[in-house]
């Protein structure tokens, strides 16, 4: 075990992946300089400029080159500095990477990884704070993963690089400096498998990404109040582990979905609708959802703090279900 | 190195094959046999054939919505091709792609594209991969004049020049983007002038002259293969038919079309071959008959082939996952 | 009343809007030539090239110019030929148009309209057949509307142009040739208000766009089987008329949401989750959802027919809820 | 028409105001008073001031992430500006926008932008609106050298040339895009050479010479206003500080920075004014003291102003709708 920050866990995974497989290379704005948020520190020195490529400000081409390189035998790992900027590359992500295999009848595949720094609590306002996973969980052909701890960030990224499909890896910028234990040997992660982060019998809380530590905090508080929560960290959002969620709900009979993204139309809606449909007879209360308010993310800290979900609001939502 | 007569003859044969295959498609489409849209390549054959004449089988291309010529010129299998356009299970893409998505990884055909311009960074990325893997392959992106207006064209060429990837960007300037004449969508004399924005060589060639295309492509491909970086190669040509089959074409005169038909790339080549003594009426008829026979076989096989069963729709989304269907 | 095709109803609305307000102009690929699918036929002759502008193939600039022109006092109506191509303009739609008002603290607003031809049944394969409304219903700051009949298409488009906010107008390409009655005078449409297209007491079917005629067909069949369906056409997807839906469900105690988009992570999930949450005690059965299968839209007709939802599948889903 | 001494003096004052306001911001940021990111404009003042010196109040601009200089040069209110950067309720955007989104519709400031290049089509669209409305206003898009690599730059300029919109695209070439030197992100001698791709005039000027910028901008603005279409105007300058405050800048040498500091646009202007007898030590000190007093007032007011109440977050999403908050 070593204590590493989330950002350092990401660079560790990148180095491990590049070490293990010559075909892996990274590209993106400033990645050769360590990345705007430090996730690629040390890679240039270790792997050289051919495999650690700074790009112009050209998100569509960053992803487009990755598609082409993956079709031609490489394993690109592209960095999108803020997930909001992926809006500039949507065609390449959704209409190309996610569809090339299908459109070709299985002839081609594009094993590429896109890493996107995501989310708020940066006082960076509406164009630098969004969690847009719902755009991609809606799209067949791409996988979506996100870790809420350094260890998960590392394990998922390694699994994403090893996967034969395009994978979007969402990294929470607000967690980048957070330190935690990371095992020495990279443990195997299976995409599509959720992780039960905490066990409790009264409610199932399904969450991911930046909300994981906040939900665990809320679960602590609830525990003190005599309410036990299963905290399921989905880890993979597409395909998501419905079995794990439903198994838990069949025990707790209550469910809450929590994500940082706008609550309205967020991926939580899919999970809530699925639980409500498939666990219909088991539910003692409506499935709750906590996410950002239905407004763009504002700049000023008190506004942003109000708009984004907090541990307190998660706890309050659980209490309201009692 | 100019084309030998043999090469020219080979290119001629391919042009004829494309032309006749396209004519057949047009008929089949008009008869309601083909689902979806068809964008005909008729009139532009010299570009695909000249460019692919400069390529090896292991070189890559990305094609466009108007891609049939590219596929055939790169060596595509006519049977798989027709079957795909019919939406048959035996087609190139098992019926999932259709006219705009023919893919053949064995021939380096990384797919056509329904999104204008989207294949440009994909070809460039494949070129980058070749360089990183130490392979001396090149990648060609075919693109229309209209595609040179979309953002990703600019991004891809800037990055290509920066990284000196072994790519050739072949702009088929056929004078129109949809219903818009070139003057209506860009104010620039030659498309190839845009190469200067990336300090990249920009070359314009008569896209109806298969030898000229082949020579210019050979130079650009050679430069790319040798590590000399990418080229923007503009081939000036013309589409004889509408943007899509069924387009009533109010936006141009039949005089204009007739004028270009007089510059038919196939007749031009035929004349040259005749002058070189490499073609006469009989061998010309033989070429056509051979092509037609191949097309007949392909069409017959395609017609006889089964449609995919509905559940096949659930495959090929992911490696390793089959989706759940209607219960 | 006049009988008009959906496409003709759209061009009628455009002409009415341009007639009523000098600030309204249209731009997009081929719009001066009547549009790729004929929705702008006649406008050039009537309003001239300054107000009917063909554009290069530049979706991001089409929307970006619309944002700028709307900020500077015009009322642009941009056409995106196929909704799939909006992927090329996502930044301008989502990070600019939808956010400029908020980021400016209410100082600026962008009253623009984006019309997007949408959906499948065209044998046009994976990049020309998607229904991507869920990308936009997730984003605060933009409104989203869609009509399933010529009359609704016209009324909604007029209301969208009159709205002070950016509005995405989704038009179903598979309905373009469909003819139906259109009233002579443009009736007032209020964005955010659903329309009860058919009344029945056994189940509430919530739908929109291309599925409206299909759902009505299913409702006919069900009626013959003794099952009465409320068919609610949402018309506006953002903000959506939850009150109308919940009022209906409180009467029928059963609900089904139907859309053409991929079922997984579609906007139907938001509606289903909302019903399941807010009508928890009233539901006699789980809220059902019918949408496209979780695969890209295939080219070949039997495949496409299998993947997209049909009237028959809607009826089957209702029967399964009994 | 070259600038009069009076105009030069006015521009000098504005440059000094920008410089001192930015210096204050840098201090406040370092002291932890400012939330978010700050991208300093120090060293580039002549570009904003020279360009805005050629504009009328009713002309439009779109600004960038490095936009403070544009706002002040266009006449922005320093009090509203500082209050916004503090995230206060009294700020330009009620605390919702911050450093990257200052907007003042009365001054034609259509907003800054957190997305590189996104303001380019927005300015061009505003220019189109002016023309359609029969107003003789122009619109300026400020953009960095890095922004000339992103697709929408290309799309916007192509369309601008086609439609002859009264826009000026002002590229502030400060030698870097984030940590990447210009040679690392584009292979082209002058940014303005990219104008040729659109048959648009492309002009390069010393961006640290406020008179030269003002003259070139006056010409471009005059052309636009007179119906002569758009211009790409490259102003070559340099950012003295890091990409953002806190950037350790391993990617460049302090020699390089010092070299550029010797070409300080403010000192240059000062020297010219002194030579023209329009400035001496006393009046120079007066200019600085005046600017500092204005800044002091603005900062004091901003500090004293209230933070927005949380529920204000629910307003301004739509015209006519207030969102629902946490219950």
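For reference, chains read A, B, C and D in written order, and residue numbers begin at 1 within each chain.
The working rule: contacts are C-beta pairs under 8 Å (C-beta built on N, C-alpha and C of every residue); 3 or more make two chains touch, one makes a residue touch a chain.
These figures come from a predicted structure and were not determined experimentally.
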For chain A and chain C, the contact-path distance works out to 1
So, in whole Å, the Cα centroid of chain A is separated from that of chain B by 39
Cα centre of chain B to Cα centre of chain D, whole Å, reads 45
Note: chain D sits from chain A at a C-alpha centroid distance in Å of 35
Multi-partner residues in chain A (2 or more other chains touched) are 55-56, 58, 60-61, 84-85, 87-88, 91, 95, 102-103, 125-127, 140-141, 294-296, 298
Multi-chain contacts in chain D, i.e. residues touching at least two other chains, fall at 93, 95-97, 101, 113-115, 149-152, 155, 158, 162, 184-186, 317, 323
Contact graph of the chains (line, ring, star, complete, other): complete
Within the complex, chain D is touched by chain B residues 149-155, 158, 161-162, 184-189, 193-194, 196-199
The chain B residues in contact with chain A across the complex are 60, 62, 91-97, 101, 103-105, 110-111, 113-115, 118, 120-130, 132-133, 139, 151-152, 155-156, 158-159, 162-163, 315-321, 323
The residues of chain A that touch chain B in their complex are 23, 25, 50-51, 53, 55-56, 58, 60-61, 63-74, 76, 91-92, 95-96, 100-109, 140-141, 143, 164-165, 239
The answer for chain A against chain D in the complex is residues 29-30, 33, 36, 54-61, 84-85, 87-88, 122-128, 293-296, 298-307, 313
Counting only contacts in the complex, chain A reaches chain C at residues 60, 84-85, 87-88, 90-91, 93-95, 98-99, 102-103, 125-127, 132, 134-135, 137-141, 238, 261-262, 264-270, 272-273, 276-278, 280, 283, 285-289, 294-296, 298
